[in-house]
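Below are two complexes that have subunit A in common, paired first with subunit B and then with subunit C.
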Partner chain A sequence: MTVQDVKPTRSELIELKRKIKLSESGHKLLKMKRDGLILEFFEILKKAKTVRAELDEQFISSMEKINVAKSVEGIVTVKSTAFSFKDTPRLEVESKNVMGVVVPKIESSSIKKDINERGYGIIGTSSRIDEAAEAYENLVDKIILAAEIETTIKKLLDDIEKTKRRVNALEFKVIPELSEARDFIILRLDEMERENTFRLKRIKA
Partner chain B sequence: MEIAVVGKSEFTLGFRMAGVKKILETNGDDLVPIIRNILKDKDVGVLVIHNDDMAGLPEKLRITLDELVTPTTITIGGAGESSNLRDKIKQAVGVDLWK
Partner chain C sequence: MAFFIKRGSKKYPYITARVRAMKSKLMPREVYPKLMNMDIAEITRFIEESEYKENVDELAQQYNDIDLFEHALNQNLARTYRKLQRISRDEPNYLITEYLRHWDIWNIKTILRGKNYGADLEEILDTVVAAGQLGYRQLTEIAGMNSIEDIKAALDLTPYYPVIEDYDGAMLSDVENNLDKLYYSRLLASLGSTKAEKLSLKFIRTEIDIKNLKTLFRTKKADLDKTIIFELLIPGGIEIKTADLNKLASLQWSDFLKALEDYSYWSELSDVVSAEMDSLKDMEAVLDKYALAFASKISHYYPLSILPIFDYMLNKELEVRNIRTIVRGKEAQLADETIRKQLVI
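Moving on, here comes the complex of A and B:
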């Protein structure tokens, strides 16, 4: 909105004052939201870094273990054992709200199992397969944890960016433009009043 | 809900050992339709995919996967995920806090 577009009337001035007040309170609220989101982000950042490092480590170790199992037992044995596994891990994915940001909350049924609960025969397989299975159970556990934390952090970052843009737009564009328009109307109204006074004096004289 | 794993057979095999049943093997060419089918599946809560496969997806689909809460996508293997997060942090906060 440029100053030229503004109609210098009292009703426009009242409307502009109302808009400025609303923008200022919105700016204050958004700033508070941004600070709150940044605090939440810092709280979760350390956890995210640890979980990601553990996840990468666990993935490498699991791959190593399954490769050892494949090379010792043969790929056919490992594959046939893998297909005999039962009990799929079930998840409960819920959404929770952190300062207006929808983040997932994931809970799972127990992933780690005893050897005799896995579904394959103990006699026909070696300990390398057991180790690989255990490593992958730990990996899935870590994946579930990382999925929740990393998605939360991504959502928080997206919202921090959005809120920052809104705060900046209000602070550096909307409020200054509205204030400029308000000042222009005040100036024009004062000028009109002075013109009126002058006109009246001329008529009287 | 279940965990779904998408990728090459050497990547997915181990997940069968953890009891994961929704495993979709791909050689890379049919990855996009597989992912689209998973997005339609209401029973998938977490989608596990290799970083290299994720990098090969069209940008629009990657953004969709990034933004969805169900399924929540997690990428492993390679260095893609941490660098992706690092870029996001730099962009949002202005400082590289992922050190």
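Moving on, here comes the complex of A and C:
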């Protein structure tokens, strides 16, 4: 909105003042939201770092366990035993609200099982298979947790960026332009008043 | 069936002489430390110049890299066992067949697991080791069947049928456990009362003790209910009798470890077992070493009996396992100490 487009009327001035007030309170609120989101982001970032470190650790441990199982029992045994796992993990994705940002909440089931519920017979298998299976169950659990946290971080970042852009737009574009238009109307109205006074004086004279 | 088998030591001189010759071709224990110091390329060359060359050459078009060695080792093992069945007659043949039934059981389990999972024929056959009575052709036919009912019908003349008869696709683990129990009960029933057979029985019953100990450790660590644990134990152990199994199954983890001190196996286990132990793999390796040492010790008592043959079969299986452990372990860059602890020599 350029100054030239503005109609220098009182009603326009009232409307502009109302808009400025609204923009300023919106700006204040959005700034508070941005700061809140940043605080929340750093909180979750800490959690994400911990979960990522645990995930890396779990991955290394799972790899070692499956490698021990593959080495001692053989790939043939590992593959055959893997055939007995029929159940696939079930995931339910719900959503929760963090300061107006909708983030996922992943609920999982059928991941961790007792050794007698995994589908293979215990007598004919070994602890190396149990340990590899358990390590991978834990790994899947950690992956799901990491996915939930990292998606939350991504969504928060997107929203922080969006809010920052809105705050900047209000602070550096909308409010200055509205203020400029308001100043222009005030200036024009004052000028019109002066012109009126001058015209009246000329008529009287 | 045991009643129709001609018994007696007259049947053993030929087969035990052949087994002695076959045993001399096994890798001596000094080879394993040397293999541990080699890299993958050197081990590859070593295997290609060994007994396994023919199998490696034969499977070279089908598999690559380490998978090639593993399948070559398995093929060699299967052929060795089938050769033993081929060159033996009467009682030794019967006992060898009974001992090797665990491979049939393994293959039946693999086929049922594959069908349960929906794996294709090629995938199932990849995991089959035709080292038992059921040959590769027969196993291919069974694995190619579409329904569980057809598989059951194909096995109706085998000793495994009573166990799989009621299997309807659910609770495969129960079928697997019952097949393993059937294996040991048949093995125990197959041995007679001569001195050599009594000693063989001791060998099998020690194997049952070892199996039960491993099961107890795994189920106790997983904190399973005592009734579930007891169901998984095999009766017929030499030192750990049914009453002991019942008692051990009902104890808490720490009490269970303490109770094991009363058994001779504790001297083997004491170094690797503790209340805080994370992994059971070292415990299993120690028990496997014990079984191997026991088999070697008793195999010399009665040279013209099934004992040297059992000893050879165990040694051959462990040779395959040890080579595989070293090759796969090196490929996966496992620590030398981890690999060494898992070797059974």
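By our rule, the second predicted complex is superposed on the first by the 201 of 205 C-alpha atoms of A that agree within 3 Å, B and C clash if a C-alpha of one lies under 4 Å from a C-alpha of the other, contacts with A are read in each partner's own complex, and residues count from 1 in each chain.
The rule is short, and it goes like this: a contact is a pair of C-beta atoms (placed from the backbone, for glycine too) under 8 Å apart; a residue touches a chain by one contact, two chains touch by 3 or more.
All of these numbers come straight from a predicted model, not from anything done at the bench.
Once subunit A is used to superpose the two complexes, subunit B occupies space next to subunit C without a clash. Of the two partner chains, subunit C is the only one that A:E64 touches; subunit B does not reach it. Shared-chain residue A:E150: touches subunit B; no touch with subunit C. In the superposed three-chain arrangement, the CA centre of subunit A forms the vertex of an angle with the CA centres of subunit B and subunit C, and that angle is 30 degrees when rounded to a multiple of 10.
By the touch criterion stated above, A:I20 is placed in contact with neither subunit B nor subunit C.
Look at A:R52: by the touch rule set out above, it reaches subunit B but stays clear of subunit C. In the superposition on chain A, contact of A:I160 is made with subunit B only, not with subunit C.
In the superposed model, A:L189 makes contact with neither subunit B nor subunit C.
In the superposition on chain A, A:V72 makes contact with subunit C only, not with subunit B.
Using the contact criterion defined above for the overlaid structures, shared-chain residue A:A169 touches neither subunit B nor subunit C, since it reaches no partner. When the two complexes are overlaid on their common chain A, residue A:M99 makes contact with neither subunit B nor subunit C. After superposition on the shared chain, subunit A has more residues touched by B, the comparison being subunit B against subunit C. Closest contact between subunit B and subunit C, by C-alpha atoms in the overlaid model: 9 Å. Applying the stated touch rule to the two superposed structures, the overlap between the subunit B and subunit C interfaces on subunit A comprises residues 63, 79, 81-83, 85-86, 118.
Across the interface of their complex, subunit A is touched by residues 67, 70-71, 74, 102, 105-106, 109-110, 113-114, 116-117, 119, 123-124, 126-127, 129, 172-177, 179-181, 211, 214-215, 217-219, 221-222, 224, 228, 232, 234, 279-281, 283-285, 321, 324-329, 332, 334, 338-339, 342 of subunit C.
Interface residues of subunit A facing subunit C in the complex, by the touch rule stated above, are 63-64, 67-68, 70-72, 74-77, 79-86, 114-116, 118-124, 126-128, 130-131.
Those residues of subunit A that touch subunit B in the complex are listed here as 38, 41, 45, 48-49, 52, 55-56, 59, 62-63, 66, 78-79, 81-83, 85-93, 95, 102-104, 106, 111, 113, 118, 129, 132-133, 135-137, 139-140, 143-144, 146-148, 150-151, 153-155, 157-158, 160-161, 164.
Interface of subunit B with subunit A (complex): residues 1-3, 13-22, 45-46, 48, 66-67, 69-74, 76-77, 81-82, 85, 88-89, 91-93, 97-98.
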